[in-house]
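Please find the structures below.
Both complexes shown next keep subunit A, but they swap its partner, so subunit B is in the first and subunit C is in the second.
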Partner chain A sequence: MEKVSRRQAILIGSSYMFIVTIINLPAQVAQVDKQGAWYDIPTAAAAAALSLCLIWAVMRRFPDQDYLAVLVNHLKLAGRMLVLLYMFFFFLISSRDLRLLVDIVSVSLLPQTPTLLIGSLVVFSGAMAVRAGIEVASRMAELFYPVLAYAVVFMLVCLTKDFHWDFLQPVFENGWQGWLRGSWVLFGYLGEVIVLPLIFTDRTFDLKRGLVALGIGTLMLELSFVGTTLVLGSEITARLMYPVYEQVRQIIITDFLDRFDLFIISLWMPMMFLKIAFDLYVVCHAGETLFHRVAPGRHLTFPVGLLTVASSMWLFRRSVDVIRLNWNWTVFTLVFALVIPACSLVLLLFRRAPAR
Partner chain B sequence: MNKTTRLRPLTRRQDPASASRSPEDDPGKTPQQHASQAQAPSGQGQEAERGAWEERPLAPRLSENEAALRELFCDCSDVVFRKVRVPDTEWLIVYIDGLVKTDDLHMHALYPLLFEDPEHPDVVRSLDTVLQMGLSVSQVLEVHTLGEAVERILSAHAVLLMDGQTKGLALNIVNTNRRQVAEPLSETVIRGPREGFTEVLRTNTALLRQRIRTPNLKMVPFTIGTQTRTQVVLAYIEGLADKKVIAEVTQRLKNIRLDAVLESGYLEELLRDSPRSPFPQMQYSERPDTVAAQLLEGRFAVFTDGTPFVLTGPITFWQMLQSSEDYYEQFWMSNAIRWLRFGFFLIALLLPAFYIATITYHQDMIPTSLVLTVAAARETIPFPALIEALIMEISFEALREASIRLPRTVGQAVSILGALVIGQAAVQAGIVSAPMVIVVALTGIASFTIPKFNAAITIRMLRFPLMLLAAVLGLFGIVLGVFWIAVHLCSLRSFGVPYLAGVAPYRPGELKDILVRAPWWHMDARPWSYAKANRRRMPDGLRPSPRR
Partner chain C sequence: MAASLFLSGCWDRREINDVAFVVATAIDKAGPRYRVMVQIPLPGQMGTLGQSGGGGTSGTKTFYVDSAVGDTIREANSELQLAMSRRMSFAHMRVLLIGEDLARVGISPVIDVNARIPQNRLTAFMLVVKGQGGSVLNADAPMERYPAEMIRELAGTQTMKNPRRIRDVLHALISDGLDPVLPAISVVKTEPEGEHDAVSTIRVAGYAVFRGDRLAGYLEGGAAEGLLWAMNQAKNPVITVKPPKGEGKITIQFPQTDASLRVRMRQGQPVYSLRIRATGAVIENESNYDLAAGENMEVIERTAKRVIEQEVYQALAALQHRFHADPIGYGDALHRQQYAVWRKLRTHWDEVYTKVHTVVDAEVQVENTGNVREPMGIPRKELTE
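Let's look at the complex of A and B:
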């Protein structure tokens, strides 16, 4: 049984939403809704909150079981098929995340190092964290996430003098369409907060904590997206590959201290390793839920990791492929975050496990 | 005719089993193997023989006991046998010269036996009367077996045997002529007590008793080491320490089967949760105030006879960066110094790797004026940054190690020579660059700010793999290395307590003594990780608010 505290679960959930979203999405949101990211994010977060409510409505009927265990134990064959789909979904997420990280490292740090080597090292690190146990990975999140959060706040404080508040005007420039399209692309990433009920039982996760995680992640995203808009403006943001990275490059404290981009990336990378580690953990946990008599979850870690490296290179030949996928990715997230939980709630409406 | 019971031989050369075994009896072995076997009897045989005489009760006849003891202490020139004949009976005193205070022995044991007190004429006629009225020694124990008598003799007691008695008396008249209590050499402070532990176990436990004056301070004795029979004491405060932890450490101490324990480090390696981890999982200290503070937070201490270094546990990583002086100075100053230590800890671990990474891969991270200066300094250096760093770091480590081993009179000269050679001559010869010398010097100074020596060694060792990673993968390699170290730290435990407890897992009450040292009026609770049973340290409302 996992021994993850509720605070650690909150940090995991909020980091899940925040860490990958700030890579490319500010540019894509700026493309469709210009300076409207500040109201697109809460809209997408509201939809993610709905998915948490649906899943919690199912879980509260079955104490001491995470959502995957509920599906397997109470929906039998259909449940197993659904868990297999969740396994595949998070496997795709891990591949996507790995590809994004490898691209950033290759572009900003190691342009001449083979991407396969970078990807392998990242997955090896993540697999190490997972094999040590979810408890260890959760502690690492507790160690690194606050450091990153303080770094984000520090970054904004340093850039305050470069804010152009008129960059946020006009509001609703692209109307309802822009708002919905911006929220659409954001929900594809914010919906990943459903990871919490997939791996934790009601002893660690409940609706309140899930919403707190969602709130913290939303706040961090607001700070990042709005900060990028205020510093760079929506026009430039929409044309950049890594807008937040460019935003950090604007930090100048004195003539001497003006190179913080790689330093901030160094603080962000461990959390990215952990995100991939948690992706692997979800896949292995789903595999163990399905095939617990065949293979303990931790034995699947390195094989799944190797598969993740291969699929990240094979599915996404270029980093642009990931960006293109973001427009359609939300369909997957809608299915796994809203449709399946809603259907499972209907099917399990009149079933309840014995009291704890 | 007196019959003397002959014991089975105990020494190697008298061992009949080994003496009778020859190569012809066991043709499967080479002569060398037979010789080595004859030289080194098996541990099991030795143990069995030891057990045989250990349990043997003292004989009523004094001559038998004397013969047995003389046989056991054959060829031990420091063991003294003093026979005293008084009317109607005989006494034997056995002790080890040098361990026993002979003046006290003469005055308080021999004198009463030799010279009859006219007021108590029959005192020396029985052991009990001698014990009650004859001996003016504060601590006297009874021994009933040969093993007990031998153990007491080896523990600096004088054993008194009487003809016709099946028990003896062990007089505790230890020679206290040992190293005096002095300031500890390994942990010096500007403000704080100047007493340090010594090699004598009882002196050390007494120093602790002087600081913790409660009967709840328990001292559980152990004897560890089949040859050295080293006295070990487990100290803890009942009601504060976690019972499960005490039970666990007690069991681990009982499970230790060494032949010798010469220093607490022997025990430390056998008590750790993760023996292969480079990070220390028990702390050692020479300072009684430090050990007392650890006990008052719910930890335990292990005293080992023969060494001034006392082990304490469970510990966390954050203790490696704490000094006893943090609690004696004002909290503002303590916090500033503590934050300095945190910063220098990162410098000690990461600065050389960061320098290599930026010089080799990420020159754009360095401000332009600085990178031009560094580039100019490195222009004539034939080695890459990694080799340069390794040359300097290894030389520095060698110099540091040499300065520890050398006598004090020569050590200073070596330090100066090393500084001149490494600092000046190497730069002028074009082997290393001046920035590298500065980096290595700063790293060395940073490692000296870490209060705990065992943690400083760990950081120094971890620097090298990080340098290699930086040379191969730049900043990405440093992040990988730090991530792997973090995985290890997060998975480490010290007697069940997570190694990063306080931060990961987050415990707000413990943060008062991790990143900062809160004022004393705020530190009203003991750390939850160690003292779950009794967390309250002081009542509320202690903050000073004097009337104006």
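Let's look at the complex of A and C:
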């Protein structure tokens, strides 16, 4: 029986789409749509909401089963293939997230420490956190995520005197093309909110809670992206690797109270650890759904973690490789967040499980 | 616990007494190369008079200055490091100084290294030095423990409302329709009674206006004040006006100022209106003009309004016709407020900019006359009303 509460599930979903998106994406959105992030984010969120609706339309027909279980139990071989693809998709997400974390730690905090060691330590912690299930990690998310959310608001309050409201003008500078391109690159990350129906049954996840998680994540992203634009401007934002981190470094309260970046990083880093832990859990959960008679999930965490470390170094040889991937990553997300759920809905439209 | 074993390697560990914290950097041209001069405070010498501190350094001066030459800034820093027993850390660099020669050649190369290395901060103040950039780092600056501290305080309190930081210069350099402007400082001698008591100190000496990334010239005096008014960066500006009657002058200080720049199109041409609001108080009346009588305050307000507008027009004339530089952001305002027009004009904006017309409207309110009403020290019969 799941021991994750509905509130914890909302926080997991919200953090899943926020924690990693704020690393590089503000720069890429500024590159294609200048100061238009404030309308690109809701557009991408609307597409992510559609994916939640599609998946929920399938899940509500099959109580007590998460989406992966529905695919395996009711689409037989095709369902197994799809779950295998989802497993691979989230494995790629975990490799990408690990690489992003390793890069930002290596560039900003520990330039001399070998990246392989940083990655290994992160994955080791994440694997330990989810080895016995998701409950521990979800409780940690319940602890750290609200604190991080308050810190984001606090950060913006401190930066109010540095806001240049004219940096939000002109609106629609790059027209509908900029709007589409900005939303395109954002959807690649926002679409990851589909993690909730993949790991939770209808006892923990339903459409309303999924949309609440999406709404909170969208609000956090709006605050971060727009705050960065107001402080740094779209031109500087577009050239930075880590614009939100640079935004935090602009906080100056008095002459000598100007080192809040480490404080904010100390709140963000545990959430990043948890994100990677959740990524590992999703992969292991998919593996357990496929091979439950052979491999209980807890036996998969460390092997999957090791593979994640290896693939993060092998697939992304340098930090700019992740940025290059972001332009095309949305294709994958579209398939797994919209196309597959839509197809599964059509195939399962007239099937229904017995009442609970 | 097993993972914590790896902490014994700790590749990024640095003991604090193996670090030299650079508080100011000055960059000059040395022929085709760069000269980088750094100032490092010596904590060991910063105890009270007669005592030394406990920071592990020796000598009597409270700071250490050294310079090196290189083809690039990083190369010059590497050369500097070879002569230092401690690893330089730029994380606490508060001031970046640009020598005049380098400013004339272009400051873009300086910006990249300051943005790319995470240790550097975009919040450091940036200033231009009249003459050699390194000259100010060796000034006596007796008011503070080391010159960099004095420069930082001058930049933060005596220049603009929002002092220019590397971030602001970067924004101006890579944005359309905006040029950087930086405070200019120079080394001067103090003027005590005995000449042998004079020491060198640092003074704000106007503002360096850039066209693109190259220094176009300096604005000083009334034109400099006018530039700050127009940029909405005037910090506690002071105006001295001559009253319509009587002898002497009246000084007014404006703690609250605001300026807004709007652009609208008239017959296909952009016309700018610069609205300035200033609220202040009389801080000195060495004239015999009685401000409390009749409508004298209103008269002074109108006089102050004319002075402010004159200073702004003076600045605009210099910027448009002498320097061809746009630190106020006329192009940026057009970009943000009339984007369709900007798209047509951006390719030949330099030409258009020199011809745009500005209407300056200052609204001045002098709220009070301080602790006294009539001029003190002047008999009533000599006051003019």
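Definition applied: the second predicted complex is superposed on the first by the 355 of 356 C-alpha atoms of A that agree within 3 Å, B and C clash if a C-alpha of one lies under 4 Å from a C-alpha of the other, contacts with A are read in each partner's own complex, and residues count from 1 in each chain.
FYI, a residue touches a chain if its C-beta (ideal position, glycine included) is under 8 Å from a C-beta of that chain, and two chains touch if they have at least 3 such contacts.
Model, not experiment: these values are computed from the prediction.
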>> Contact-wise, after the overlay, does A:113 reach subunit B, subunit C, both or neither (first, second, both, neither)?
In response: both
>> Looking at A:133 after the superposition, I want to know if it touches subunit B, subunit C, both of them or none. Which is it: first, second, both, neither?
In response: first
> Where does A:125 make contact in the superposed view: on subunit B (first), on subunit C (second), on both, or on neither?
Replying inline: both
>> If we overlay the two complexes on their shared chain A, which of subunit B and subunit C does A:315 touch? Say first, second, both or neither.
In response: neither
> Taking the superposition as given, does A:46 touch the first partner, subunit B, the second, subunit C, both, or neither?
Replying inline: neither
>> Quick check for you: in the superposed arrangement, does A:207 touch first (subunit B), second (subunit C), both or neither?
In response: neither
>> One more residue to check, A:246. First (subunit B), second (subunit C), both or neither?
In response: second
>> For A:342 in the superposed arrangement: first (subunit B), second (subunit C), both or neither?
In response: neither
>> Is A:325 touching anything from subunit B or subunit C once the two structures are fitted on A? First, second, both or neither.
In response: neither
>> Per the definitions at the top, what is the overlap between the subunit A residues touching subunit B and those touching subunit C?
In response: 109-110, 113, 121, 125, 255, 258
> What residues on subunit A touch subunit C, complex-wise?
Replying inline: 107-114, 117, 121, 124-125, 162, 166, 169-170, 173, 232-233, 235-236, 239-240, 246, 249-250, 252, 255, 258
> Which part of subunit A faces subunit B closely enough to touch in the complex?
Replying inline: 5, 7-8, 105, 109-110, 113, 118, 121, 125, 128-129, 132-133, 136-137, 139-140, 142-144, 255-259, 262-263, 265-266, 269-270, 273
> What residues of subunit C sit close enough to touch subunit A in their complex?
Replying inline: 3, 6, 9, 11-12, 115, 118, 121-123, 156, 162, 167, 170-171, 174-175, 335-337, 339
> In the complex of these two chains, what residues of subunit B are touching subunit A?
Replying inline: 361-362, 364-367, 369-370, 473-476, 478-480, 482-484, 486-487, 490-491, 498, 500, 503-506
